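Two complexes, one shared chain (chain A), two partners (chain B, chain C).
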Partner chain A sequence: MQEITDRIREEARRLLGEELVDVVIGYQQGWDETIATPCFAVQASQVDRLIFDERCTYNLARYLVGREGYLTSRFRPADEKPRVALVARPAAMRAIVGLIQEHQFKREDVYVLGIVDGTPVGIEPDVQVGQIQEDVAKQQEIRARIEELEALPASERWAWWRQEFTKCIRCYACRQVCPFCYCEECIVDENQPQWIGSSPLPRNNTSWNVIRAFHLVGRCINCGECERVCPVDIPLNLLNAKMAAEVEEVFGYVAGMDAEAVPALATFRVDDTDDFIM
Partner chain B sequence: MQARLLPQGKLTELVNALIRDYEVIAPRDERSFARIDSAAEMDLRDEKPAMSLKEFFFPEREVLVSYRLGTSGVTLTEPSPDDAARVIFAARPCDAAALPILDPLFNWDYVDSSYVERRRNTAIVSVACDEPCDTCFCVSLGGSPAGTEGSDLLLTPLGSTYHVQIITERGGELVEQYAGLFEDSDEESERQRAQVEAASRSKIVKEVDIAGLDKTLDFHSPVWETVTQQCIDCGICTFLCPTCHCFDIQDEGSPDAGERVRIWDACTFYGYTKAHAGQPRPTHDRRYRQRIMHKFRYYPENFDRTLCVGCGRCITHCPVSIDLRQVLEAVKE
Partner chain C sequence: MDQNQVSVETSDTSLRTENWEPKIVAFLCNWCSYAGADLAGGSRVKYPANVRIIRVPCSARIDPKLVLKGLEKEHVDGVIVSGCHPGDCHYTEGNYYARRRMLMFHRLMEFIGIDSQRIRMSWVSASEGTKWADVVTQVVEDIRALGPLHPRETANARDH
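Presenting the complex of A and B:
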């Protein structure tokens, strides 16, 4: 891991020193030795803050997009778009692929300091700064949990999800941490008309969480950030992983694999299966 | 100090006795406090629940009025008052301390009757923290892992027994009500209690000096932009905070029948106080600044109290590990 840290610092020093980028987004030590937090290095003197190890899990692609994103900020004139280098774990690279597909920015807008784990990431990093182990156990666990839920009768499964959604406090951390939740105005914030009630009633919470899952169909790249940040431990990623599996089965499409591909739900083929229509 | 002792074996008995006579709220799991129907449902782990006690006084959703359109016009119904006698058991001293800080706000230019009613009907029995978390910094806000503010009784674990400090008249009445369970305290127990508190205090290693912040916090400081870069604008820090109290009012239902409700709102949300003219704080540095200025400057100016008890939830649960202690240090400079 120290090698990865060294490599990131070396690249960051070069990129900032030669003024090739304006900011390097990576990880730094957080409030104690067990915690990492995002780092925004803007000058060569700051690069020694950058670290990489097992604590550094956040999907930093989130900072590229949205109202205040580095590449899409509407508070900065278009000609002042900063040149950004991003320390990208595999999930962040897949997110970058999806965001390019959705025309949020172009591949050349972000300098990718990639960390690979052998899984496909859909883009060539500008520099590969390290290699980590794929978290196979975690993916297996997600599949096992989905299978477990699917074994339940639909009514029990629904009751289980309703119970989970009851816990929701509507802090929207799931949305805010998600690289794909970059909408100018989220449907849950619209109030003329108000599609989804704002108060944390079970019915409103269910609408919110289900609609968010639907909006991520064919887009979510399974970084798991929504589930990680949820303060009341709703297993949100199960919804997303299940929808991703459906999309793969029905359309043969996996998100975050090909920046040139048209996203599954943004296109139509006459031979698309329609057997899900009852 | 008025005090008694409660043998550890009697704790369950006390809680079950309370449940027979009161609505009892206690820590239920790592997520929240909740109403319990048996002492066995209580979870006395070291870590405090993610949610504070605030929801039991200032609920996340509260009906202000119900309406129904009938043939003879509109009928408005106010909710019946929440007047059940309650005991919050095993509160955290920091959560309890938050309530006297909020009292002047909810009794300010508008007296919030439902909050006031719930405060009046609720006794608070806190348990001193002997293992503070690494994000706790109550001592920096004038509190303590064994702080008494806001509590009616404070239990301090002394091994085989709990030291029970009687803080208020209501606390004294509770002890009298279940007098058979308690024993007299003695000098040795008092000494042990002080030791537990001192040991616990010494485990809080990261403090922040807030002296003078109410005068020096600078609205125009360039630091706000850098200290808030990580912020992703979610509501975790405000919703989990025992003192954050901003709310929104919404109408729910159909034109024929529905409810006007008060729900929690967060200054970290983009839509917070958005009006026709737009969003007064369009970027997250301004929103986060509002949160800090409100807690450490505006609230002290209005109510002479800092709007923070150092519970550390905003640090523990921040999705991107923003540390309020570090932010305060940075904005002071």
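Presenting the complex of A and C:
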């Protein structure tokens, strides 16, 4: 891990020193030793704040897009967009691919300091700053939990999800942390007409979580950030992982693997399956 | 209200009201299915009156939020989305997009435990009045077998 930190600092010092980028987005020590927080280094003197270790799991691609995102901020004229370098874990690189597919920015707009784990990520990092272990156990656990749920009868599954959704306090942390939730106005904030009730009632919560999961179909790159930030521990990633598996099975498409591909629900094939239609 | 007791595929018949009739919202595309339903009416084909039809420009107009909004309502037990047959879309390819979207929505709802028979999709052309009648008859039958989607609310609102 220390060599990754050194490598990130070295690259960041070079990029900022030679004024190749305006900001390096990475991780830094948080307020106590258990936490690492995002770091935005804008001068060479701040480079030594940057770290990388096992606590640095956040998907930093989130800071590229959205209203305040570095690359899409509407508070800056187009010709003054900052040049950004990003410390990207595999999930962040896949998110970058997805965002390029959705025309949020171009590949050359972001300088990727990639940390790879051997899984395909769809782009070549500009510099590979390190190698980490793939978290195989976590993926297996998700698959096991999905199978467990699928084995239940539908009524029990519904009762279980209903219980989970009932816990939701509608803080929208899942939305705020998601690199693909970059809409200027979220559907849940629309009120004329109001599609999703904003009070945290079980019915509204179900609608909110279902719609959010649906909006991520064929886009979610399974970084698991939504589930990590959820203050009431709703297993949101199960929905996303389940739908990613469905998309792969039915359309043969995996999100965040090919910057040239069209996302699954933005295209069609004439011979798509018809067997659920009356 | 104790939310844990709300269950969809309830086998507990005591929750079903005696005079319960399934209520179904149908989104029909303007160019084929709505004309098909119109033809069914015009040719006096009989089919259950449990369906409330909403006309939309194209089946691709159907965002799952509309379906979900329908299912959220206390007395709605199912939704039908119907459009032109593949290749016949007035906008050339709208129904192909709708098909992908609805398939994924189906799978998602099934995963959270809503029976996929409550969210149906059909292709009905402007000349298929009888097919529309068959679709409605079939869906009403299926949903009658499943019971109300919101058993408690239905039980509490017998007069509606």
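The rule is simple: the second predicted complex is superposed on the first by the 275 of 278 C-alpha atoms of A that agree within 3 Å, B and C clash if a C-alpha of one lies under 4 Å from a C-alpha of the other, contacts with A are read in each partner's own complex, and residues count from 1 in each chain.
The rule is short, and it goes like this: a contact is a pair of C-beta atoms (placed from the backbone, for glycine too) under 8 Å apart; a residue touches a chain by one contact, two chains touch by 3 or more.
Quick caveat: nothing in here was measured; it's all calculated off a predicted structure.
Per the definitions stated earlier, placing chain B and chain C onto a shared chain A by superposition produces no clash, and the two fit side by side.
Touching more residues of chain A than its counterpart among chain B and chain C is C. By the document's definition of touching, of the two partners only chain C reaches A:265; chain B does not.
Applying the stated contact rule after C-alpha superposition, one finds that A:47 touches neither chain B nor chain C.
By the touch criterion defined above, A:228 lies against chain B but remains apart from chain C after alignment on the C-alpha atoms of chain A.
Vectors from the Cα centre of chain A to those of chain B and chain C enclose 90° in the overlay, to the nearest 10.
Residue contacts after overlaying the shared chain place A:200 against chain B, while chain C stays out of touching range.
Look at A:154: by the touch rule set out above, it reaches chain C but stays clear of chain B.
Of the two partner chains placed by the overlay, neither chain B nor chain C lies in contact with A:12. Residue contacts after overlaying the shared chain place A:173 against chain B, while chain C stays out of touching range. Look at A:75: by the touch rule set out above, it reaches chain B but stays clear of chain C. Minimum Cα separation between chain B and chain C in the superposed model: 10 Å. Looking at chain A, you'll find no residue that touches chain B in one structure and chain C in the other. The touching residues of chain A, counted against chain B in their complex, run 30-32, 35-38, 40, 58, 62, 67-68, 75, 167, 169-173, 175-177, 189, 197-201, 225, 228-229, 231-233. Residues of chain A that touch chain C in their complex: 149-150, 153-163, 166, 187, 195-196, 202-203, 206-207, 210-211, 213-214, 217-218, 239, 242-243, 246-247, 250-251, 264-265, 268-270, 272-274, 276-278.
Those residues of chain B lying in contact with chain A across their complex are 30-32, 50-51, 60-61, 134-135, 206, 226, 229-230, 232-236, 239-240, 248, 250, 252, 261, 263-264, 266, 269-271, 282-284, 315, 317, 319-323, 325-326.
Chain C makes touch with chain A in their complex at residues 3-4, 6-11, 64-65, 68-69, 72, 86-87, 93, 96-97, 99-116, 120-123, 135, 138-139.
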